[in-house]
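Below: the structure, in structure tokens.
In this document, chain identifiers A, B, C and D correspond to the written order of the chains, with residue numbering beginning at 1 in each.
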Amino acid sequence: MATIKLSESQLNFIKDVCKAHGNKGGEVINVLHKVQGEFGYLPKEVQEVVALELNIPVSRVYGIVSFYSFFTMTPKGEHPISVCLGTACYVRGAEKVLDEIKRQLGINVGDVTPDGKFSLTVLRCVGACGLAPVIEVGDKVYGRMTPDLVKDVIAEYK
Amino acid sequence: MHVLCCGGTGCHASASAQIIENFKRILAEKGLQDEVQVIQTGCFGFCEKGPIVKIMPDNTFYTQVKPEDVEKIVNEHIIKGRKVTDLLYMDPENQEHVSDSKHMGFYRKQLRIALRNCGFVNPENIDECIARGGYEGLGKCLTEMTPQQVIDEVTKSGLRGRGGAGFPTGVKWGLCAKNKCDEMYVICNADEGDPGAFMDRSIMEGDPHSIVEAMAICGYAIGATHGLVYIRAEYPLAIHRLQVAIAQAREYGLLGEDIMGTGFNFDIELRYGAGAFVCGEETALIHSMEGKRGEPTLKPPFPAVSGYMAKPSNVNNVETFANVPIIITKGADWFQTIGSEKSKGTKVFALAGQINNVGLIEVPMGTTLRDIIFEIGGGIKGGRQFKAVQTGGPSGGCLTTKHLDTPIDYDSLVAAGSMMGSGGMVVMDETSCMVAIAKFYLEFTCEESCGKCSPCRVGNKRMLEILEKITDGRGTMEDLQELRNLAAVIKDTALCGLGQTSPNPVLSTLDNFWDEYVEHVVDKKCRAGVCKKLMRYEIDREKCIGCGKCAKNCPAEAISKTNYIAEGHKLPSMEIDPAKCIKCGACMSGCKFNAISVK
Amino acid sequence: MINVTIDNKHIQVEPGTTILKAARQAGINIPTLCYFELAGMKFENKPGGCRVCVVEVVKDFNGKPRRNLAPACATDCVEGMEVLTHSPRVINARKTVLELILSDHPNDCLQCEKSGDCELQALAIRLGVRDIPFKGVQSTYRKDSTLSVRRDMDKCVMCRRCETMCNNIQSVGALSAVNRGFSAVVAPAFEQNLGDSSCVNCGQCVQVCPVGALSLVDNIGDVMAAINDPKKTVVVQTAPAVRVALGEEFGMEPGTIVTGKMAAALREIGFDYVFDTDWSADLTIMEEGTELLGRVKKVLNGEKAALPLFTSCCPGWVSFYEKNFPDLLDYPSTAKSPQQMFGAVAKNFFAQKIGVKREDMVVVSIMPCLAKKSECARDEFKVNGNPDVDYSLTTRELAHLIKQCNVDLNNLEPTDFDSPLGQSTGAAVIFGATGGVMEAAVRTAYEVYTGKPLANINLEVVRGLEGTKEATVDFNGLPVHVGVCYGLANARKMMEEVRNGNPRGFHFIEVMACPGGCIGGAGQPFHHGNSDIIRKRMEATYREDAGKPIRKSHENPDIIAIYKEYYGEPCGHLSHEQLHTHYFDRSEHVEVK
Amino acid sequence: MAKVKSLAELKAMREKLQTGLDLREKSNDPDSLVQIKVAMATCGIAAGAKQVMEHLMEKADELKLAVVFTQTGCMGYCHAEPTIEVRVPGRDPLVFGHVDNKRADEILTKYVMNNEMVEGIIPVNYETIG
């Protein structure tokens, strides 16, 4: 089977997280949350280490990572942009905002800009429906978005 | 003295601006501009009787005020101190005029039970919570009631699960309590995945202690010492506030060992969801907490028999729990007086969409949609026409004008082809295409389907494909028939609640907006102008001055010059090649001469 | 007992009986797809996912009709329940569900390995599907193959049987459901090649797959080419479990023994020498038994030796412990499996004897097994790149081959195997069933150790379809503690026990990867979850043993002869060279960058 | 903090805490504290509630106003975020919506200091059980 390559500090981080959760297979989702929090995403190697440390098949880890939309195997951009496509945002024109972001960045949902600055994802409802349509850049929420405002928001991060 | 004039959009449309103007003018004429201040306020939530004018400090409440009434109010009320009786609100029951809004029970359509502390207390301060009676319900249970009495009280209150299907909460607790076991779990379902719903988030952010308290009460009732909250990882603030609340409760001895000196132990841990709508289904939620894929399993066995770690578990959602402490302190008899015959208490709705007062509201069960949308919600944004209201999220349906006067509770919503769901309520106007809305929800379900059972995995995909065909202008009448058959079979055969209810948005729009489907299929037309493939951008050659800006803006190079020069213009007009047009609208938004329209 | 009414038939069933089973009791056969059970063998897969078995509950526990249709496979009967299995509502739903499944299926039945044996195809026939009204995108996945197993997940119906088998029964954990919704499929981690996963090629996923999503790697073409190559001498060996199952492919009752007909058919097909893996099974007993006694004696003398000794004839099992128990590589017997012993003998001793160069000899094995295809390709079983066993065909492939060659197996006159690698004992025959290797080894080891004849050579305690068995055999005052298990999850438990100090004090443990041993192998005719078929194959195995004139390996004259003529003694120098192997750490490692 | 040892103790504690709060809220003493609650649920924060709260605090300092600021949960007026509730002793509490820096200043200088109404009032349109 494959040999996993990670830096020592990365490896130790994962090991510590797993240990903090008692190296129990049932804790895999909690472990993945913490590990993704650290690495930003869950590459293959990381999942393999998690599987080994929790003594569960790596197929199960991947089965979980590929099931839950919160987990991702692709690295995000420096400023990850998420467009809310919840119903409230949808009926208030979120798709037009999304189209404009796609156009401005020249990327599709799930992609990262070539310079690594921005990545684009969609999500379902951040619970800020009062401000619909809503987008998030990193942790910052921008409410009452319109296609016209997209340029300004992106400019903040350029 | 203050004159408060409703500036809510509903009232605004009915001339509140003119009323304010008149007040200011007349008061100035009388030299009262410094004594009496005229202020425009937000919506009073009573738009049916708008515009509203309220005189402070005596709280006189004038309804249906017309601009010409202003003079009378100034002369009579402000100068002479006499109320203008015919503008006062008339109580429909006893036909008496009521002047003080505080005495107008009818006016207050909202009753906050689950949200009783939201916006009142500092959620990160347990003292404020205790000051408002927090943890007294728990104290009462632990010192004055047996677990069975607690269950009986909750059963008697008629409280039903607020997460969707409305199963009686007390009965659920009782079923779980029957399966006594060394380890049992109280689980709070805080995986609010319904797009357009944020009730649970708001409660956890605004009043986390009520959840902590209720879970402990439930633990006492069923005999569990462990509590678990399954909360969306996308709710960092709610997570934080819950963590703070749990820590404070522990510090005060309201969680942990020997709570309030009664020997009862109970503690709560958080578990994080990871973005799967299906995990709102209790068996899927439990599997997710166990570190598995969030796939539902068949019931029975119910969680009450074999839940988390195969131990008896009781799962309730956030809003359900938020009702529990107050039922204990105020009693089931009190709770029973609120709501409709079969659905007791109140329901929190997240009012969103094309409505003026987007917000979180709580109304007694049995309130009509009309009251919610046109009173509390302040009506439709921009004065447009109400078209539909979607309740119950992807499991619910789209209701229309004919349902506006239905008193809403669990059963009436199901009868109308929708469902309560968790309480998302998205209002739509004529700019929403109902076929596209059905497609939107089905896209959601397809994305969120776990893939375990074939009707949901493949069936919903096929339904979505048929809807895509229709919105692309390739639909046939047979497709509509097939949609109905598929919807019926999926409802009948899918494994879990998500699958069984997934056809509801399609079925309800087919039922309520059949004409719109037929229009898409037969006339190839989308009246809301949403379905791009059915749209056609056109340049009015008489209006076009030939500046060419549209051609520059067009990303598809679909616009070119014609030979036609309109009268008074110097350059030939432009035209759009429909075959190349991608319907992005860039041409239209850039045209300063309103020469481009969409058909 | 509770009373239920199914299709207006009143019946009484035990509490806890599902509607499906109750209906079967009443002679009503509700169709299923994802549901799979090996009764009595602790394998059950009932995710309730396909929804083909839905029925209408017109009266439920509360006296009211149930709102939705219920999956018969996973719904328990309750007192007074009334069920309809073919009402118009049920038929429409069942057919629509099937059409939906078919709408995401390639429907290339004519070219599919599973055609004729496919449960989905059978359902489509049964429900009279004539048209698939739903047109839409179909799932497409990268096709992938190990040396044993082919995956074509375009055909997957998400029954999850393979996943259950791989995880619950085998604890291999190579397969898991991945993704969700329409993209959900069963796959190895990262949807990488199965060969790069923890897969041990036991092939049980193929055995339980209802459709052609998982199938075997077909080597019929290679074998035909070798037979038709005049330069090649083609030698064939047939495993013990094949002869009790092959007949099923020709319409015979399960448990029919076709040893002689099979040998005759192989000759008809054109193999130059028709030998028997049973012969090398006897050889295995000599080597492994000697090894066991050697280790036991060492321990008795206070020396260190790895006990218990684990059998090593099952390649799925060998691969499993190399991947999962690299710290215990000293424990399994170093004796090669019968297939590989045969190959080694054939390409050394026999090739020499008949004056054929190694490169010009092609050794083909007929196995009940998919893992054997991977085993024969292992580097350690090659000399200068030339494998001891060139191709391994399964029982099912042999059946195809026989049919392709127009051989009428049913009417063939039985013949014997060729000499000198054809004669075998009853001890070798029972290698095919779980516990058989153990029993065969005891028959020989006892007599070698004690020098006395074994009073009762039928070691009944290790027979039968129990997943794990143990017994103590008195070796003239020395209590020898033996264990037997099949299914790799059971094996994992035993290995972990050994890792934790072998508290039960086992001396010898037999492990087979497949349910019931090789008779339930992945290369056998599909049993479709009917464990009676496996049971009948087992009974046939012991019948064949009982009918053999010689039933102990060390009494096989050809075995005695080869030691005399060639190997000298068991575990001697030459046999170590040719008949023993060594194991490798194939576990996953973490390496720091 | 000592642990709550009984229901009686909890009730006593409530009395004490409530009196404290009531004193703060209902006192007619003009010198007693003004209380401003800022709705800080996700919606509010996204609409700028944190920044408004900071601004209000600075401004109150500057004006030498004794104001207690607390955060609270969603008041339900998502359409008018950020929203704040202002309780001046002796007056009914008032909720203001769409509070930006400019409006925040007005609320302090006009409403709190001079009891002048300012734009942005949101009438409380619900009843709460206490």
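Note that a contact is a pair of C-beta atoms (placed from the backbone, for glycine too) under 8 Å apart; a residue touches a chain by one contact, two chains touch by 3 or more.
These numbers were taken from a predicted model, which means no experiment stands behind them.
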item: Which of A-C and A-B has more C-beta pairs touching across its chains; value: A-B
item: Averaged-CA centre spacing for the pair subunit D and subunit C, given as whole angstrom; value: 73
item: Mean-CA-position distance for subunit C and subunit A (Å); value: 43
item: Centre distance in Å when subunit A and subunit B are each reduced to the mean of their C-alpha atoms; value: 26
item: Inter-chain centre distance, subunit B versus subunit C - centres from mean C-alpha coordinates, in Å; value: 56
item: Residues of subunit D engaged with two or more neighbouring chains; value: 42-43, 45, 77-79
item: Touching two or more other chains - residue numbers and ranges from subunit C; value: 177, 179-180
item: Where subunit B touches two or more other chains, by residue; value: 198, 201-202, 235, 276, 293, 352, 358-359, 447, 450
item: Graph class of chain-chain contacts, one of line, ring, star, complete, other; value: other
item: Pairs of chains found to touch, sorted by chain label; value: A-B, A-C, A-D, B-C, B-D
item: Touching residues (chain side subunit B, partner subunit D) in the complex; value: 2, 4, 6, 37, 39-46, 54, 56, 107-113, 115-125, 127-128, 130-133, 135-136, 139-140, 142-144, 198, 201-203, 205-207, 235, 237-238, 251-254, 260-262, 326, 330, 352, 356-362, 376
item: List of subunit D residues in touch with subunit A within their complex; value: 42-43, 45-47, 77-79, 81
item: Contact set on subunit D toward subunit B in their complex; value: 1, 3-7, 9-11, 13-14, 17-18, 20-21, 37, 39-43, 45, 70-80, 85, 97, 116-123, 125-130
item: Complex contact set, residues of subunit A against subunit D; value: 126-131, 134, 141-143
item: Interface residues, subunit A side, partner subunit B - complex; value: 24-30, 32-33, 60, 63-64, 67-71, 85-88, 90-92, 99, 103, 123-130, 132, 139
